[in-house]
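Both of the next two complexes hold chain A, though its partner changes from chain B to chain C.
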Partner chain A sequence: MAETGPFPAPPATSTDREGREIVVDFATNDDLEGLVDMYATFDPAQRAQGIPPAHPERIEPWLKTVLDDGVHIIASHDGCVIAHAMLVPDSDGSHELAIFVHQDYQGAGNGRTLIRHLLGAAQVEAIEHIWLTVERWNLPALELYKSVGFETVQADRFDLEMAMSLPGS
Partner chain B sequence: MRVLVGIEGSEESSTVLRNAIERALEADDELTVAIFAKHERDQDIDHIEATVRDELTAAGIDAAIHRIEGDPASSLVAMAEREGFDQLVIGGGRDTPLGKRYLGSISEYVLLNADVTVRLER
Partner chain C sequence: MERALVVVEATAATKDLLREAGELATGVGAELILVHVTTEDEYADRADALAKIPDVDVSYDVTRARDGAGQFARDVGNEVLQGLDVDFRAIGRLGDKVDEVLAVADEFNCDHLFVTGRQRSPTGKAIFGDRAQRLILNFNGPVTVTTVTEETPA
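Here is the complex of A and B:
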């Protein structure tokens, strides 16, 4: 059964399943360097549809483009960025969601913590419609998206498109 | 090599065409261009043909231009196979707002169904 919200908004501190203290907060301009560092060591096998870019020199330009608009939250441990979740506006008044958790922090509930707080931030920002694409073989991500209320809206391609509407806060 | 280039009337396709022209000049490929209007938009096929003709002329390439009728994906595959092309070149899709690659339904159909070699041009 999918969670229906309301979802918690950042900032927040939680302990992951490995006992690590994880701080979730909105990203600021000062976080660019920390984000670049996280993506620079991101497992290439876990890239999703071409992002993060494989070439290190293309990570910062890509980040600057996406950080320019939308809602971005990060999770940190001991002052290092370990995950990034974002909502980037499209031209139809909707927002595209993506979430990246560094491989050293996966399987510990951090993706779930992050996406719930991203949806909480979306409610604060009065964002109503959110969509995403996910490769159909990425089962952990599919389960996570379903658990917070995403439904598949298009399934006839290599990647699935999922969407959800958020009730106002 | 005989190369068939599928051009959907869009900006993404003009990059495809330019790259295919560049490659054809390097490798001395024989190009044929198949054009079709973007499905969801009411694009003028005459305009697409004129744009493609200009690009080819500017590059000094003499290539036949065919208008695709009916379903673009299956028509492209059928034409490539029927006329014995060595390679079919199509666009590799576009990017979502946050930069994810998104393979269009035509590209995906061609990849899965063509018996000729397919090149995704970016």
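Here is the complex of A and C:
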């Protein structure tokens, strides 16, 4: 069954399934360096649809472009960024969601923690419509998106498109 | 690769694509077929625009539209493939961009397609456009799709 919210908003502290203390908060300008470091060691095999960029020198320009607008939250452990989730506005008043969890912190419930707080942040920001695309073989991601209420809206492309509407406040 | 088809659009990305295809073709001694397709809508728009200009003695018809499309492909080819040792033929068609490209590929026994068509979503994801996707699904051979490298629109 999909969760229907309301979702918790950052900041928050939780313990992941490996017993690590994870802090979730909004990203600030000071987090750029920490984000670059996380993406620099991101497993290339887990890149999805061309991001994060494969070339290290292209990570920072990409981050600066997306961080320019929208809602960004990060999860940290021992002061190091271990995950990043974002809602970036498109030209139709909707927001595209993307989420990245460093491979060392996957399988421990951190993706779920992060996306729930991102949706909580979206409710605070009165964002109502969110969409995303996901490679159809990425089953863990698909399950995660479904579990928080995303539904498939476009299935006849290579990448599935999913969307959800958050109840207005 | 013996004979590759390159889909020529009126975009800067097409030139990068064609240059890449040209270098590959030169390396393996392959021939290129450059195709530009004018859609029925584009044709109708242009015919309307020309009809509204008084005293212009130009008859714009299907044949001219097709010739124009071919000339466009030829001009782009001459510009971009200049200096490369590669033979190319330019073809203009009128109709659906995907159907016509597939028809030309079949007529000329092309064994490889080159097309632009991945765009950046707001988060920077590379997403296949409808045309590239239809070509990949319907062409019986390898398809090279390049990503449009423009920065994410604000």
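In this text, the second predicted complex is superposed on the first by the 168 of 169 C-alpha atoms of A that agree within 3 Å, B and C clash if a C-alpha of one lies under 4 Å from a C-alpha of the other, contacts with A are read in each partner's own complex, and residues count from 1 in each chain.
What we mean here is this: a contact is a pair of C-beta atoms (placed from the backbone, for glycine too) under 8 Å apart; a residue touches a chain by one contact, two chains touch by 3 or more.
Computed from a prediction, not measured in an experiment: that's the story for all the values here.
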Notebook entry, point to check: For the three-chain model obtained by superposing on chain A, do chain B and chain C clash or fit?
Noted result: clash
Check: What is the contact status of A:A163 with respect to chain B (first) and chain C (second): first, second, both, or neither?
Finding: neither
Notebook entry, point to check: Where does A:V88 make contact in the superposed view: on chain B (first), on chain C (second), on both, or on neither?
Noted result: both
Notebook entry, point to check: Can A:L32 be said to touch chain B (first), chain C (second), both, or neither?
Noted result: neither
Next item on the list: Based on the superposed arrangement, let me know which partner A:A98 touches: chain B (first), chain C (second), both, or neither?
Entry: both
Margin query: Quick one: is A:V148 in contact with chain B, with chain C, with both, or with neither? Answer first, second, both or neither.
Written below: neither
Notebook entry, point to check: Of the partners chain B and chain C, which touch A:I51 in the superposed model: first, second, both, neither?
Noted result: both
Next item on the list: Once the structures are superposed on A, label A:D68 by its partner contacts, choosing first (chain B), second (chain C), both or neither.
Entry: second
Notebook entry, point to check: Do chain B and chain C land on any of the same chain A residues, and which?
Noted result: 48-51, 53, 62, 65-66, 70, 86, 88-91, 96, 98, 133, 157-159
Item checked: Residue ranges of chain C touching chain A (in the complex, touch as defined) -> 118, 121-128, 130, 133, 147, 151-154
Next item on the list: Quick one: which bits of chain A touch chain B in the complex? Just the residue numbers, please.
Entry: 48-51, 53, 62, 65-66, 70, 86, 88-91, 96, 98, 133, 156-159
Next item on the list: Mind listing the chain B positions that touch chain A in their complex?
Entry: 95-103, 105, 108
Next item on the list: Please give the residue numbers of chain A that touch chain C in the complex, ascending.
Entry: 48-51, 53, 62, 65-66, 68-70, 86, 88-91, 95-98, 133, 157-159
